[in-house]
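Step one of this worksheet: look at the structure below.
Lettered A, B, C and D in written order, each chain numbered from 1.
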Amino acid sequence: MSAQTATLKPTTGNNARRDFYERIGALSMAPLWESLHQLVPPTPAPKYVPAHWSYDAVRPFLMESGSLITAKEAVRRVLILENPAMRGSACCTPTLYAGLQLILPGEIAPSHRHTQSALRFIVEGEGAYTAVDGERTIMHEGDFVITPTWTWHDHGNDSSQPMVWLDGLDIPLVAMFNAGFAENYGADEQPVTQPEGYSDARFAHGLLPVDWKASRQTSPIFNYPYARTREALERLDKDGPPDACHGHKLRYVNPANGGAPIATMGTFMQLLPKGFASAPYRSTDGTVFSVVEGAGESTIGDTTIRWKKRDHFVVPSWARVTHRADSEAVLFSFSDRPVQERLDLWREDRGGK
Amino acid sequence: MSAQTATLKPTTGNNARRDFYERIGALSMAPLWESLHQLVPPTPAPKYVPAHWSYDAVRPFLMESGSLITAKEAVRRVLILENPAMRGSACCTPTLYAGLQLILPGEIAPSHRHTQSALRFIVEGEGAYTAVDGERTIMHEGDFVITPTWTWHDHGNDSSQPMVWLDGLDIPLVAMFNAGFAENYGADEQPVTQPEGYSDARFAHGLLPVDWKASRQTSPIFNYPYARTREALERLDKDGPPDACHGHKLRYVNPANGGAPIATMGTFMQLLPKGFASAPYRSTDGTVFSVVEGAGESTIGDTTIRWKKRDHFVVPSWARVTHRADSEAVLFSFSDRPVQERLDLWREDRGGK
Amino acid sequence: MSAQTATLKPTTGNNARRDFYERIGALSMAPLWESLHQLVPPTPAPKYVPAHWSYDAVRPFLMESGSLITAKEAVRRVLILENPAMRGSACCTPTLYAGLQLILPGEIAPSHRHTQSALRFIVEGEGAYTAVDGERTIMHEGDFVITPTWTWHDHGNDSSQPMVWLDGLDIPLVAMFNAGFAENYGADEQPVTQPEGYSDARFAHGLLPVDWKASRQTSPIFNYPYARTREALERLDKDGPPDACHGHKLRYVNPANGGAPIATMGTFMQLLPKGFASAPYRSTDGTVFSVVEGAGESTIGDTTIRWKKRDHFVVPSWARVTHRADSEAVLFSFSDRPVQERLDLWREDRGGK
Amino acid sequence: MSAQTATLKPTTGNNARRDFYERIGALSMAPLWESLHQLVPPTPAPKYVPAHWSYDAVRPFLMESGSLITAKEAVRRVLILENPAMRGSACCTPTLYAGLQLILPGEIAPSHRHTQSALRFIVEGEGAYTAVDGERTIMHEGDFVITPTWTWHDHGNDSSQPMVWLDGLDIPLVAMFNAGFAENYGADEQPVTQPEGYSDARFAHGLLPVDWKASRQTSPIFNYPYARTREALERLDKDGPPDACHGHKLRYVNPANGGAPIATMGTFMQLLPKGFASAPYRSTDGTVFSVVEGAGESTIGDTTIRWKKRDHFVVPSWARVTHRADSEAVLFSFSDRPVQERLDLWREDRGGK
């Protein structure tokens, strides 16, 4: 049962039909003709809404959570960004979970693994690490880090400042498939068996180990550092005019197959030049944004959101959106686009309102 | 919001925490640590249940629906098989819709198209047709017919008897992605531009047209006739012993890519020899069954269902199932397995209870 | 060294250059500028020619070979169809080998395997078998049988008549890569472990075994019977007009991946209606034809060949060809097209002369 | 006709057979049984040999060629590295061409395109450019640059020193398929429409343009700079012990599909630590090496070659090779391995002699 279809009720029909519906209802049957239009709508009619989480408002609560519960007790000390129209569901969109995770100096978020895939996008701080499959990576603001499906992962903060990152997971998607499995490692930290930078050297330089074969679809690169991404965006901005809808927009890639680093979630980074105002755009993939640099505003359907560095907001499926950048702005985003594309479901509309 | 995650409630916490939850709630945030275990469960905990629709019980209602509403008024005269734990959702499983469609002699179900993919599995009757992309196919009991995503399709019954088929669609899946589009053709029937058998000749004989390129993932074969499937099953049964869990089980295939005929739904046919009792089995794909021949019983978790020809039943994700065949039995089934497999999510467990 | 490049000679240059060429020649070097045009030609300039093997002329020699050497002594009693411009090379085209194999009643062609892939197209006779991977298939005229790379295979004739088939192999291609390996089985026949029809039931009915995973690219179907192919061609002919260049032309397909049944060789069957005269056509894949039914003529560049049932002929790469059918004709053919397509090398030209 | 099969002659047979062979020879036929063993050998028996081109010996001739012919007259001023056993063929291996190209300050190698794919590996010099599809890249020693199939490309040297690079092409492979096409641009240089670094920014930073779709298999990155490659190799060397056969070996990758940057040629870079002596190794892909750094020796079958920086050598298919590095050494190499792998033909043998 999805939010889209949860409230189907016969809306027409005379007494004979109502009586019939009642009798078949006893057999767990229902008349399609009363709900066909809702079940097979002419265009997407999402039941969730645009929303905005200002970091100014959120950060004090994040810090307060640090004194309310330890990272260890919490396992993951995260404030979930819940879609206002889906309260109680832990969903930011019907397929995606988003949350802000805090890890304080000296803390450890203990090792576990699950079939849900996770992305981490670093919002504030420097120097905490994520460990995946025996290798640690030190995280910096703007880095995009993945903890792929069914890999042991833990986090720790050896720096002297708190660190906050955006967690993006496919929890609702995996829940719909009832295909979720999870295990605790049994110790706080997995043993470190590879030096830092081990994966980066092997997979992120335009080469792959000669005899390496991918054992899963997720990227063998698990930290895409912001320094590298920012350099690419700068070059794009120097090279020519931005795309009318997107500014300069790139998608992260798994170099072993050309697909998304995470099979279930697409991840994107875009630069909006100062003063850029985008043409209207909509697509079927509801998208969560994290503001990396700059300030501006986005109009999503009838809702206008003013955002700045470290803010988060969500654009629902098929909602028409325009962006305007007051200063040069950089936006990270993620959505379920790769899944929709593989199922021949994804559509976009670059036309005006 | 999926059924799996809809009821998350903080279950622990002292007053300070409750107060904190309330304050962050005002910002559409929630504490992950209160629901982590539910969101990332150790093993799948589906919120839907096994169910059984006896054709003896269902058929009178189907026939009654024939006098209650015309096929044209109904657009599709279908009784939805709703999961008893998901009433009002039009779902048989969290990702799949199932229904029984009736079309009476002389009736037409008018032409439309939608991004949702549909399968038709013929339960009773002979001689009605499905038209797809300008070609009609006459349907017989046990035939498996597809109407691929975004193709015009209509149905008509030129025979002298009612026809009933199982409709299987990915409606809940597409709803979760908010990627549904639909259009009416504007006339009851699309023009027929190809002779019957046109696609079968080109695609179902171990050959493909020399310069044909697939424009979508769905199979170019749109009727897999039962006569051909039955012949294959008979040979398997003659050749050797059945698989301990499945009997003799085949999956339908798109010869243009080796995948499922429909990208979002796997379809299967299996023969259980007379007296066969299967070993316990479970997998993460919830599955809808249609009994084609024979009689027997299936135990799904703690529920035992006695079935016979034309009955339907559903096995939830990760529910352990055993089958027993009183007479030689043939079962058609469908599930979301191909999607789970492409996302590295599918698991099975062939071990005992 | 290929035939295409074997005769490069400096054709210009003064004495100083000639002297230079001689001095660098001592170091196994040569000047590119003297041969660039030949090495990188504006359009393909094949060094092989059209050729025709009339079955009337060939058959007596085939039968004579039956008394000259036993199948067992010969291992394979085959008369190679050698391109007249490549005598001594055992090549019909630069990448393909073709030969006619005779097996007499009671004979066995002993079991071996090799990395070269082979196709058998049955020209005359009924009732001999090919065994592959523990399964035998009885062969009939027009059947297309494969013995995939590195599979044990043997042939035997339990019928009362001689049998002749066309052997097509990728011998020159594999030789160029120096990637050929071969082994004898050590006994005349491999043990038969599967009943006849085992593979056909599992793979040729629009279904695949539910948990089967392909371990190689070659088709799991190893006999594509002519009866099935002929039925498809008849339907095509009934359904509409032929393609201007090809008549009604289909390619054999591996249902597990949509590609060619043999990774290195494409195989085709086409029907030319009585009186059909094709438009000019050329493509980069040199092609070997076997006439299955009917009579007609083909003009290949400046050469015209009159052919009838059981004749063979070869069309070189990029040679313009037209066909004319005196009676309804059916042509089997094979080429290296799938390899060229995978390397982005294949081109065709449907325009006139 | 390939070098492997060019000299097939009946080696046995009595008079009756000889007479028969003569009579069928008149019809362009030959007896398979006389050559089967040669055509289908038990293991590869390449007809080409190891060879070594010392840069000390080659460089004077390269420079002399600079005064013998202009780059423009030559179109490409290249000394072909011909396999000593395939003189006159312009082949370094049966599938690969290799040559050393010189471009002097102020010169231009005029724009053309061809279906043959080319790689450039920079041996000496700094600052010349290659232009592909409207973009120039400045080349430095150790850079690996591609000019993909059917793309306009030209070269020019705006620096003050001569530049030398290794050209690797699939000329013999394309010749065997008779699928070669070529065109001159009509002007010396194609117009430059993109700034330098355009492709690098878009494709070489772990991201791809959001809506970019590959139109061919070749990599969208056309310069893989040595600085980046060297950094990866250094990290590998720091991280752990070398592979027994290969040292630290990486393959270049097309980030859009995980395959080789050029569909027909694999390219590799390996670091041999000082004093490293490799275990014996052989594989079916004949390989051309270019020494980037260091000195050492390789034993190929019975031949031992002492090499140093800028030398070139070739290892034939299935020849057993061991390397020994006197100083830390870096080797670039290329072969047809990706083609063999796609055709299920590639094999290796890591076992000792």
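By our rule, a contact is a pair of C-beta atoms (placed from the backbone, for glycine too) under 8 Å apart; a residue touches a chain by one contact, two chains touch by 3 or more.
According to UniProt, the chain labels map to these proteins: A, B, C, D = Gentisate 1,2-dioxygenase.
Everything numeric in this text was worked out from a predicted model, so none of it was measured.
S.K.: Nearest whole angstrom, what separates the Cα centre of chain B (Gentisate 1,2-dioxygenase) from the Cα centre of chain D (Gentisate 1,2-dioxygenase)?
M.R.: Distance between chain centres: 52 Å.
S.K.: How many angstrom between the C-alpha centroids of chain B (Gentisate 1,2-dioxygenase) and chain A (Gentisate 1,2-dioxygenase)?
M.R.: 30
S.K.: Starting from the mean Cα coordinates of chain A (Gentisate 1,2-dioxygenase) and chain D (Gentisate 1,2-dioxygenase), work out the distance between those two points in Å.
M.R.: Centre separation, chain A (Gentisate 1,2-dioxygenase) to chain D (Gentisate 1,2-dioxygenase): 43 Å.
S.K.: Looking only at which chains touch which, which shape fits best: line, ring, star, complete or other?
M.R.: ring
S.K.: Looking at the whole structure, which two-chain pairs count as touching?
M.R.: Touch list across chains, by label: A-B, A-D, B-C, C-D.
S.K.: Using the touch rule from the top, collect the residues of chain C (Gentisate 1,2-dioxygenase) that touch chain D (Gentisate 1,2-dioxygenase) in their complex.
M.R.: These residues of chain C (Gentisate 1,2-dioxygenase) touch chain D (Gentisate 1,2-dioxygenase): 1-9, 16-17, 20, 23-25, 27-33, 35-36, 39-46, 51, 53, 57-58, 61, 64-65, 68-69, 73-84, 86-91, 94-95, 97, 99, 114-116, 149, 171-183, 216-218, 263-264, 284-286, 316-318, 336, 339-340, 342-347.
S.K.: In the complex formed with chain B (Gentisate 1,2-dioxygenase), which residues of chain C (Gentisate 1,2-dioxygenase) make contact?
M.R.: Of all residues in chain C (Gentisate 1,2-dioxygenase), those touching chain B (Gentisate 1,2-dioxygenase) are 194-195, 197-198, 200-202, 204-210, 214, 221, 224, 228-229, 231-232, 235-236, 238-239, 246, 249-258, 268-270.
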